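Chains: A, B, C and D, in written order; residue numbering restarts at 1 for each.
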Amino acid sequence: MSDPKVFLNGKPVEHPHEDHHHVTPVWQFTAVFIALLFLTILTYAVSFAGLGPASLPVAMAVAICKGSLVVLFFMHLAYEDRFYAFVFVVSLIFIAIFFTFTLFDMSTTDELNEEAGIEFQRHVMDQAEALENPPEPPPPKATVGLRPRPRVRPRPRVSTAAGTEPQAPLHPRQRGLGRRPGPFFFGLHFASGLAALGGGGQRWLRPTSSLKAAREGGYVAQNAVGHRCGGCTGHGAMAIYARSGVFAPHIGVLRR
Amino acid sequence: MIAYFIPPEKLGTPPMSDSPWELLPTASNHAQSLDGLYILLTAVTGISFVLVIGTMFYFMWKYKMKSEDDKTSPLTHNGKLEFAWSAIPAIFLMVFFVWGELDFVKLSSPPADSIDIHVTGQKWYWTFEYPGRPVAATTEVEDGEIAPLLVVPKGQAVRLTMTSKDVIHSFYIPAFRVKKDVVPGRYTYVWFEATELGDFPVFCTEYCGDEHSSMLAVVRVVEPEDYKAEVAAATTLEQGEGESLEQFGEKVYKAFACNSCHNTDATRKVGPGFGGLYGKSENLADGSSVEADENYIRESIMEPNAKIVAGYTPQMPSFAGQINDEQLNALIAYIKSLK
Amino acid sequence: MSSNAHDHDEERPWFLAHHFDTVGQQMSSAKLGMWLFACTELLMFSGLFLAYFILRKMYPEMLLTASEELNKTLGGLNTIVLLFSSYTMALGVRAAQTNNKKALERNLIITIVCAFIFLIVKYFEYSAKIHHGLLPGDLFAAAEHGYHLPKYSKVFYGLYFTMTGLHGVHVVVGIGVLTWILIRARRSEFSSQNYVAVENAGIYWHIVDLVWIFLFPLLYLVK
Amino acid sequence: MSDDKNHEAVEPSYLTAKKGLMSWLITVDHKRIGLMYLAATMFFFLVAGLLAIALRTELFTGQQDFMSAQTYNKVFTLHGAIMVFLFIIPSVPAAMGNFVLPLMLGAKDVAFPKLNLLSFYIYCIAAIMLVMTLLLGSLDTGWTFYTPYSKSTGSAVIMATMGAFVAGFSSILTGLNFVVTVHKMRAPGMTWNRMPLMIWALYATALIQIMATPVLAITLFLLIIERTLNIGIFDPAMGGDPVLYQHFFWFYSHPAVYIMILPGFGIISEIITVHSRKHIFGYRAIAMSSVAIAVISFIVWGHHMFVSGQSELAGVVFSFLTFAVAVPTAIKVFSWVATLYGGSIRYTTPMWYGLVFLWTFTIGGLTGVYLGTLSVDVHLHETYFVVAHFHYVMVGGTVVAFLGGLYHWWPKFFGRMYNETAGKISALLVFIGFNMTFLTQFFLGHQGMPRRYYAYLPEYEVMHQVSTIGSWILALGLFTVLGTLVMALKNGERAPANPWKAVSLEWQTASPPIEHNFHMTPRVTGSPYDFPEIDKSAGAHH
């Protein structure tokens, strides 16, 4: 037809009402279904295999495989117009942003104030404790599973108020590994933050460093599952940098 | 633990600035650099505002319609100009960011040798615990009005370790340019070094309920030499000579903010009113009833959840360990005197 | 409606809405709408998964001991039931594409039956928990039933019931949607030309299955 | 379009095509749904506006004037909640966008008309729930419902949260409709670069509505569960974390403030070009910056929480990213001013509102830079500086643009012209009243006057009084707008199809348009800003 009667988004359409869509053969669906069953059994095996802290990433990897199988084949994303895949991936990116920044905040709450001994600490006010379980003998000092240590006042500070005249403040280096971020700290931190952005939320958990546990004494280091595999390159770089005290003198300059 | 719903106008602090147009007093080490950045921001944004709106007015005047069919310019874009007006603002923004970030890092890392004062925010009043002073109450009597008083020495770093007992509050001292939310369930902290003597108001800047706008306190900066004496004076709560037991009881009543929940007449507030309480028989939540005598009042102060009056919920915090015996006797005497 | 509004040309199919020009336009619009809706579902559940990860970061030991009490076999059974229902749903969409009305109805019925099985299995799981007092908030009475759980376990059970409960609501809504599609299939409304409604129901059902695929290892299995 | 004329006599407009209440209540015509949204959002703008006047009058003196503290808290919370959830988010996209988007695209209707009507009725249910909150003891938590206060307070938090929860779905459905319509139903010849900038703005807004609102849904759902089942995820007394609630809430609410302002940008792009008879300056820059703002708005929410116990490192990262959002907004403002160059500006009422927008929005944008800078935000957070900033952006930006858009498209909506002088007076009153109210609040904020304070220190009294008088003038201005537009309906003279001689598609059909918009599906050959006055002869675009 010389003058096409029907247009779609500015482009003339030859046969307006025919559309051909990809029809997946049945054996392909069955193959995908069997793969999914196998992966489910794999998740089961992973949980009993006692991989310890690595079991979370492995379980997530298997779940992502199953998820992508369902999305690509059962929902025909593989054969559809690329735009639907783009829409789906954009929403995954926004979820990743949501996870990464929130977990980044949760895991670095103590970065700057470690020096002041203020721990990011969960504690429950007295009434709530009294409400929850009637007053029995206070739990022993480091109880298993009770992550928040019984409410301990922050470590005694060298307080100048009690009549002792204030000594000269220690040079950051003398105070052990200087951990204050210097003026250039931001560049490296932000770059590692961006690198971590791709790393997904889970890997932002604080790495266990025995040094920290030793220094903290009774502080139950967060050696829970999923931590021992350590932060990703981004967070690792941040932690190494912060602990190396390379820029500690700058903080000294700042601090005076 | 002293507070009273201070109508702000009675707070008695010197006005922060004489005229609205004068800048705030710069009374802490942070204030200097922050005000510098504030002035730079005002200058840069002011100039860019004048440039943009000035050009707009000029175009409005020059290109107003002369006749129905006068020709207009075919200009649709100009790559160089568009790049310039993206890059230049970006540079200024980076300058603001870096200066702001450096100050923020300083604001967030208190020196190790600072005085550590515990601040507790509670629905509608502040409590300050000085190191080495048992009594958490600090009072500052100003013609009968009591405000929580934070005494700090001049020229010395002070770190406030803050937590809240119920909802999120926020400790804000405008004159020192410091502010931090006081979050229940964790410690947050703020540090400063006061550089000017005098009294400065403290505000709660996170909405926390009915009396959010009366949750005020006073920061008093004193010379370092008489800092200890001031703290001692502010945290003692004894019977002054020539003061009757009931008068001292009333001071204790206000010091421990009993009035934030109990009225001195018989009307209900958050808790039951004290008017005519002594000798009355109270029926309790569990159906039994008890005669309100001394040890009932004493027990309700020490373990408030033991006997709950019918129709009330167990919200009262326990005062055991914060109130000593003379204060308790005076308080009971005062409650007995209420009709 | 072809470009000229007045003469209704005959070959315009009955299911083409007045404001669309071609079947392809109507179908791709419906599919794009459904995919955007799938994204909103994912974003909504992502909030709950983030709450789970935060709880896991704050109380790692508590979470692991508290999740021991969940019944892994019933969880596993539910996963297999849902995977199978996804499989039959996909076959159903294929049947609609190939004008196979009988196969479409058969697959839809199997999918709906699997959904009911899922809910029944969930009913047993929940009744076991209620019986043992592993409930959120004030109903938490594990101590009376002889469970020595760490201090904040009630928050974990609160989150467990919120996640699986919201997922359960989505399964119920899924049953409603599939029954509606089944009724329309019985009226043989669908053909190889007009099957986008079945495909959209399929996308919704696969999203519900996708959420469970991530929910199951996180809540039940992970150490 | 010559044969349009003889069709017109035959084809009745969408207003007169069907009669009776039912024809309105079950309509699937995007224009009627747009008008129903317009009426509902205008009603709630009036209600919340009166609450604002009550607030400002109460703040006239530092002590209690005629409201108690509890009532004051309830009034400011409802002012915030109704304005945000029932007026500013649905107003431009749903009321004006529903009407104008299909017309500008040359389509017959939005992609899913029934879904559009469902979205309106979900909005009505949300409105009923928020009104019910009023009866059940109202809400006193602030529109942000921060826990743990929102968990322990006795006011009707559950009803209000359900209202906001349901309003979110109406917003998602509108956004979904717009994205599909823009992708699939453009007129022949309308490529992405020939779409009016109003469509680009509505498309960017729709993206945010789809991607952000579900997180609000889950946040409010968790809050409702927290209050009913007491699960304790946000309650510190049971081991939860209140800062986690703030993360969840602001992940939605910062993109939501861009849902509020982006449609305003779209309207301003249309008004400034049509009334200065000039092609927009930097079309691609403005279109791309709309989408850029939509995407970047998802990574900056932490700047609401610099002092809220969020970690300092996260604060630094969020502050840096916040400045990334400032650049595209600046590009837009510069491009609008550059559009005026070489134009032939007609000082009609919509143009006056466009110019007022440039003034107020520039101040709003620039003061945002103060609050993005870390150390200055520590001083200014939760003070009147913040109140002034977001009112400059929301009232000075979106509401002024919305009023400009109402005057611009009123002839198209109802086929009636408004009274030009009355319109100009309303613009002047709104300009004076608005600046007088909120410019003084910047100084209040810098002096440390905290937000949501019912009684304040005596030295703030002078500025509060100036601000209160300003708010009365602003209220007078807004009532003048209402009067002018309503009078235009009754005795405004009949408007021609294209009163502003604009080029975009919605002006190529009758006003008020016929039921299915166009007699002949229009074919687009050029950009919507190629006005006849632009003299091509003056050499190529330099």
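By definition in this document, a contact is a pair of C-beta atoms (placed from the backbone, for glycine too) under 8 Å apart; a residue touches a chain by one contact, two chains touch by 3 or more.
Quick caveat: nothing in here was measured; it's all calculated off a predicted structure.
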Reported most central chain by Cα centroids is D
Chain centres computed over CA atoms; the one at greatest distance from subunit B is chain C
Per the contact rule at the top, check every chain pair and give me the one with the most C-beta pairs in contact. B-D
Measure off the straight-line distance from the CA centroid of subunit A to the CA centroid of subunit B, and report it in whole Å. 34
Distance between chain centroids, defined by C-alpha means - subunit A, subunit C (Å): 27
Centroid spacing, where centroids are CA-atom means, of subunit B and subunit C in whole angstrom: 49
Using the touch rule from the top of the page, what residues of subunit A touch 2 or more other chains? 7, 83, 90-91, 94, 98, 102, 106, 112-113, 122, 124-125, 127, 186
Can you list every residue of subunit D that touches 2 or more other chains, as numbers and ranges? 183-185, 211, 215, 236-241, 243-244, 309, 312, 316, 320, 521
Enumerate the residues of subunit B that touch no fewer than two other chains. 101, 105, 108, 184-186
Touching residues on subunit C, where the partner in the complex is subunit A: 2-4, 9, 11-13, 16, 21-25, 27-28, 31-32, 35-36, 38-39, 42-43, 46-47, 49-50, 53-54, 56-62, 64-65, 72, 76, 79-80, 83-84, 86-87, 89-91, 93-94, 97-98, 143, 150-151, 193, 199, 202-203, 206, 209-210, 213-214, 216-218, 220-223
With touch defined as at the start, can you tell me which subunit C residues reach subunit D in the complex? 1, 3-5, 18-20, 25, 28-29, 32-33, 36-37, 39-41, 43-48, 50-51, 54-55, 58-59, 136-139, 151-152, 154-155, 157-159, 161-162, 166
Within their complex, subunit B touches subunit D through residues 7-9, 11, 13, 15-17, 20-21, 23-24, 30, 33-34, 37-38, 41, 45, 48-49, 52-53, 55-56, 59-60, 63-66, 69-78, 81-82, 85-86, 89-90, 93-94, 96-97, 99-101, 103-105, 107-108, 166-168, 170, 172, 174-175, 177-181, 183-186, 188, 201, 203-214
Applying the document's contact rule, which stretches of subunit A touch subunit D when the two form their complex? 7, 9-12, 83, 90-91, 94, 97-98, 101-102, 104-106, 108-113, 122, 124-125, 127-128, 186, 189-190, 193
In the complex, subunit D residues that touch subunit B: 62-63, 69-70, 73, 140-142, 146, 148-149, 152-153, 236-237, 240-243, 276-285, 306-309, 312, 315-316, 319-320, 323, 326-327, 330-331, 333-335, 337-338, 340-347, 355, 358-359, 362-363, 366-367, 369-370, 372-379, 381-383, 443-444, 446-448, 450-460, 462-463, 531, 533-536, 538-539, 541-542
